[in-house]
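By letter and in written order, the chains are A, B, C and D; residue numbering begins at 1 in each of them.
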Amino acid sequence: MKKYRVLIDAIDEKGLVYKISKLFFEYDLNVISNSEYVDNENNKFFMRSVVEGGIDKKKLYDDLIEIMPLKATVKIVDTCKKNIVILATKESHCLGDILIRYEAGELDANILCVIANYDILEPLISKFGIPFHLVSHEGLNRSQHSGLILEKLKEYDHLDYIVLAKYMRILPAEFVETYPNQIINIHHSFLPAFIGANPYKQAYERGVKIIGATAHFVSNNLDEGPIIEQQIKNVNHAHGWTDMRDAGRDVEKVVFSNAIKLALEDKIFIYGNKTIIF
Amino acid sequence: MKKYRVLIDAIDEKGLVYKISKLFFEYDLNVISNSEYVDNENNKFFMRSVVEGGIDKKKLYDDLIEIMPLKATVKIVDTCKKNIVILATKESHCLGDILIRYEAGELDANILCVIANYDILEPLISKFGIPFHLVSHEGLNRSQHSGLILEKLKEYDHLDYIVLAKYMRILPAEFVETYPNQIINIHHSFLPAFIGANPYKQAYERGVKIIGATAHFVSNNLDEGPIIEQQIKNVNHAHGWTDMRDAGRDVEKVVFSNAIKLALEDKIFIYGNKTIIF
Amino acid sequence: MKKYRVLIDAIDEKGLVYKISKLFFEYDLNVISNSEYVDNENNKFFMRSVVEGGIDKKKLYDDLIEIMPLKATVKIVDTCKKNIVILATKESHCLGDILIRYEAGELDANILCVIANYDILEPLISKFGIPFHLVSHEGLNRSQHSGLILEKLKEYDHLDYIVLAKYMRILPAEFVETYPNQIINIHHSFLPAFIGANPYKQAYERGVKIIGATAHFVSNNLDEGPIIEQQIKNVNHAHGWTDMRDAGRDVEKVVFSNAIKLALEDKIFIYGNKTIIF
Amino acid sequence: MKKYRVLIDAIDEKGLVYKISKLFFEYDLNVISNSEYVDNENNKFFMRSVVEGGIDKKKLYDDLIEIMPLKATVKIVDTCKKNIVILATKESHCLGDILIRYEAGELDANILCVIANYDILEPLISKFGIPFHLVSHEGLNRSQHSGLILEKLKEYDHLDYIVLAKYMRILPAEFVETYPNQIINIHHSFLPAFIGANPYKQAYERGVKIIGATAHFVSNNLDEGPIIEQQIKNVNHAHGWTDMRDAGRDVEKVVFSNAIKLALEDKIFIYGNKTIIF
C-alpha cells in the first residue's frame, strides 16, 4: 500500500478535524501520523497527515475540498524523491554536506545539477557525477546573470526546490518570483541580525558572544524571507572574524541540510512571512 | 465558557481521531489545541485536547469511554491550580526558583507546604508565607523517616504532585508507591550517566566536557524513572567539581521548573518507563 | 596570606609576560591562576592574575607601572565583596534570581538597595531585608527621573556596579557617564537583533526560531554597549509572543546572573566596544 | 620567520612562567599566543605557547629542560601538516565530513590512507584520490584482524594520529599500546552513558530527551579514554531509535572533526584520564 502526505491549510472553523478524519475513515486510510496547528491570532488551520491506503488521489482531493471552507489549500503528495538544483559560489562546506548525504542515500532527492558562478567547485562536484554548469557573472549585471541561470534551469522539468549552498549573490525579483517558496537559502548569521554582506565581519565588529546561521525561504526582501531553522554557537574574544567564519561553517551546514530535509518531507507550511513546521 | 483538558491514551485502532473529534463536534466544543501521538512500536495512541464549552464532564467521559477501545484511559481535567508539596534538604536554587515564580503568579499551583530534613531553608521559605515542616532524619532509618513524612503529607488532601527540589535522600518503595507517577525529582546529571550520590564528583573524575540535569518521575529504581526533561552545559578542564556543581545549578533549576510546568499543564503522558510530552 | 587580582591592559610589546612574572617571582607571590590575551589586530595585551602573598599594594602597583609600556592600566584588587545597586521595574525573574543567590551566600556582593519606578516588587524585596526605594517616573521627563535616581545613589558610597534587572527605561547620557562601565543591563534578545522596546513582539513578528538574551554594559547608544554574555533558546511556530517572553525569562535570568558574577570576579576587560572575558 | 608550538607539562612550582618567559625573551621570540593551566589538585603545570623566531630547536629544548623541574615534558613542534590514517566501517558521515574539509584545504593534515573492514566506502574514498585498504575481519578473531591492520599501518612512516571515523570494532590492547594517545574515536553517546554497542538503541530504551556524541582518545578500557569533546541534541518521544541515529550523525561528525582539529593544532594535553584543552 502506498503512502501519501495530505497537506491542508484553511480558515479555521469548528469541526475541521472531525470532517477530515471522517473522510480518512471512510476511505479506510491508515493514519500513520497526524499533526495539526491552529493559529488563533489569524484564525488559520494547518494539518499534515501521512496516510496509507489505496486511493484515487483526484477523488480524495475533490472530497477534501468539498468539506473544507472556501479558499482552503489541499495537497496530496506522493512520498517520492523531489528534484532539486543547487546554486553555489566558492565555499564547499554546505554543498559537500549535501553531496555526502546524497551519496549515502540519505537525501530524499535527485540533484539535477549544480550551477555556480565560479568553477572552483567543479572538481568536487564532478567526483559525484552530478552535472555542473558554470554561469559566470563576469561582465554581466545582476539581471543578465540571473537570466542566464533561469535559462539553464528551464532545461530541467519538475524542479521542486532550488537550494542556495552559500550562493553569494542576490537573486533579483524576476528570479525569486519564478520560483515562489521554492528557493531555500542559508544565511551565515542569526537573522535578523547581520543582514547582507559579511555577517561574520559584522558580528566580529559588534563583539557578539554567539554566532549563528539561518535557513530561510528567499523572498524579494534580502534575508527577510520565512525562517525555517536557526542555530548558534558560542564564541569569545579570541575569535577573529575568520575564526568565527570557520566555526560558523559547522552550524551553517547542519542548519541548511536540516532545512532541506524538512522541505523534502513536506513538513513546512508557509503563512505570511512565517513557517509552521511539523 | 470553561476550558478542559481531555487526556486519552488507548490501544491504537483505525478511526480513533474521527470518533473523538465527532464527539467533540456533537458536543459543540471549541477545540483550542489538539496533539496526538501514535507509538507504532507499541500500537498505542495518545491525545491531549484543550476544549472549551459547556459540558457535563461525567457524560462526556462516559461517551468517550464508550467509543474507545477496551482499557483506554480518559481524563477530563479542569484547568485549575494543582496542589503541590515540595521536599527539600539544604540547597536553595531549585526551591528558590519555584518560590520566585510562585510569588509572581507564574506557577499554576498552590504550594501546600515545604518539608525538609534540615532547618536551613526555613528562613527562606518563611519569607514567602508557606508552611515549613522540619522532619529530621537524625537517628531514624530510611523507612522510619519517610514514614514521618508520609504522615505529615496525609494532613494535606488533594495532593497532585510532590516535587523534590534537591531532596538528597532516597525515598523507599512504600513512599513511592503511595504516590505513583506523582513525584518529580531533579537529578544533577544527564541520566543515565552518574546515577546516585555526588554526580558532579563522578563527572569531574571522568573528565567530561558537559554537565547536565535530568527531571524525572520517581520510580522504585534509583534515578531510573521516566525522564521528563534534560539539558546540559559545557565545561572544561578548569572546572573543579565544585565549579561544575555551581555551574550546574542554573541547568538544574531551569530543567526542574520546566518539568513542573509541564506536569501542572497535564502535558505529560507516562508509558512504560518513558514520557510522551505534548 | 591574602589573595589579590592583578589586572593589566597595555600596548603589547615583547617581554611583557617575562617582566610581569619576574616581578611576581621577586615578590615571592604564589600565582594561583593566570590568563593572558593579545589582541593582535589592535596590538593590545590583557592579563588577569590571581596571586597570593604578603604585599604592599602601592609598591607592587608602582613597580608594575614602571616596567609596563606607557598608558598601561594596572589594577590590584582585593578579593572582597563588591557593592551593587539593583534597578528594577515590574518583573521579578532576574531580580529574584539574584535575591535567591544573595540569600544563599553565592553572590560575592553587598546589595545596597533596590530602586524601582513602580512599587510592585517592594513586597518581594522587603522579604530579603534589602532597602527599597520607589522613584516613580510619573509626571517626570527622562532627565528629571534619572536625576532623582542619581541623587538617591549618591547616598551610597563605594558603589561598584549598578545592575539593571529588567529596568525598562532608557538611562540618559548624564546618568551613563556618571557610572562609566559600571552599569550592566540584560536585554531580552540576541543583540544586535531586536534593539529597543518589545523584542519578543519583534521576534514573534519576524518568525524567528530562536529567542535569546544579552547581558551588556550600558553605553550611550541604546543596546549597543559591550556584550558580556548571550544565550538562546529554541522556539517554534506554536510560541505566541507571550510564550516567547515566558520561555525567554529562563535565559534572561541565567545570562544576567552569570554576567554579574563575571563582573564581581573582575573577569571582564572592556576594550573599545568589546569585552575580553577570562 | 618560522612558528613553533612549545608544549610543556611539569610539576608546578613557583616561578615557572617567569623562567620560561625569560628564556623566550632571551631567544628574542615573538610570543603569538600563550595558554597556561595549573591543576592545583595534582600540582601540575601545563603550557602551550606559539612562538615565532629563528631558533635552534635542540638548543631551546635543552635550555627549557634545564630550567624545568624533574620529569617535565617539553615538546617543540613545527606548525606543519600531520599525518593521519582513517579507520572506518560502513557509515560515511564522519569520514565524509573529513574528506570535504580535506578537499577544501581546511584540514591541517595529510590523509595517508583509509582502512576499512568493509568495501562499502571504497567508491566514496576513491573519488578523493586517497588510498583505500580493505582489511576484512571475516573469519578472523579480533587479534588476527587488528594484526593485519597493524601490518598495513607499518607501511606508513611518521604516523601522527589514527582517527576512527565510526570504526565499529573494538581495538585490542596490543593495537592501542602501539599508538598510545594517538588514536581518536567518536562514540555516539554522551559518555559515560551508553558505553558499548548500539548506544542509540540504549538511549531509545531509556527514554532520554537528549542524545549526544563524544570524541575521546582510545585507551584499553572500552569508551573510557580521555574525553576531548562532547555535544548533545534534544530529542523527544517521537524519535524512534533510527531517528535518534539520524539526528545524532550531525552531532557526531561535528564533534569528531573538532576533536581532530584540536589534535592537529597540538591543543590537547592528556593527564591521567583527562584532557586539558587550550
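As a convention for this text, a contact is a pair of C-beta atoms (placed from the backbone, for glycine too) under 8 Å apart; a residue touches a chain by one contact, two chains touch by 3 or more.
What you see is a predicted model, and the numbers here were worked out from it, not measured in a lab.
Trainee: Which chain has its C-alpha centroid farthest away from the centroid of chain A?
Mentor: Checked the centroid distances; the maximum from chain A is C.
Trainee: Give the chain pair, either A-C or B-C, that is connected by more C-beta contacts.
Mentor: Counting C-beta pairs in contact, A-C comes out ahead.
Trainee: When the centre of a chain is set as the mean of its C-alpha atoms, what distance in Å lies between chain B and chain C?
Mentor: 35
Trainee: Taking the mean of the CA coordinates per chain, how far is chain A from chain C in Å?
Mentor: Using C-alpha averages as centres, the distance is 41 Å.
Trainee: Of all the residues in chain A, which ones touch at least 2 other chains?
Mentor: none
Trainee: In the complex, go through chain B and note every residue touching chain A.
Mentor: Listed in rising order, the residues of chain B that touch chain A are 14-15, 17-18, 21-22, 24-25, 28, 30-34, 36, 38, 40, 234.
Trainee: What does chain A use to touch chain D in their complex?
Mentor: Per the stated touch rule, the residues are 91-93, 96-97, 99-101, 103-104, 106, 124, 127-128, 246, 250, 254, 257-258.
Trainee: List the residues on chain D that touch chain B in their complex, please.
Mentor: Going through chain D, the ones touching chain B are 37, 39, 41, 190-194, 206-210, 212, 226-232, 236-238, 240, 272-277.
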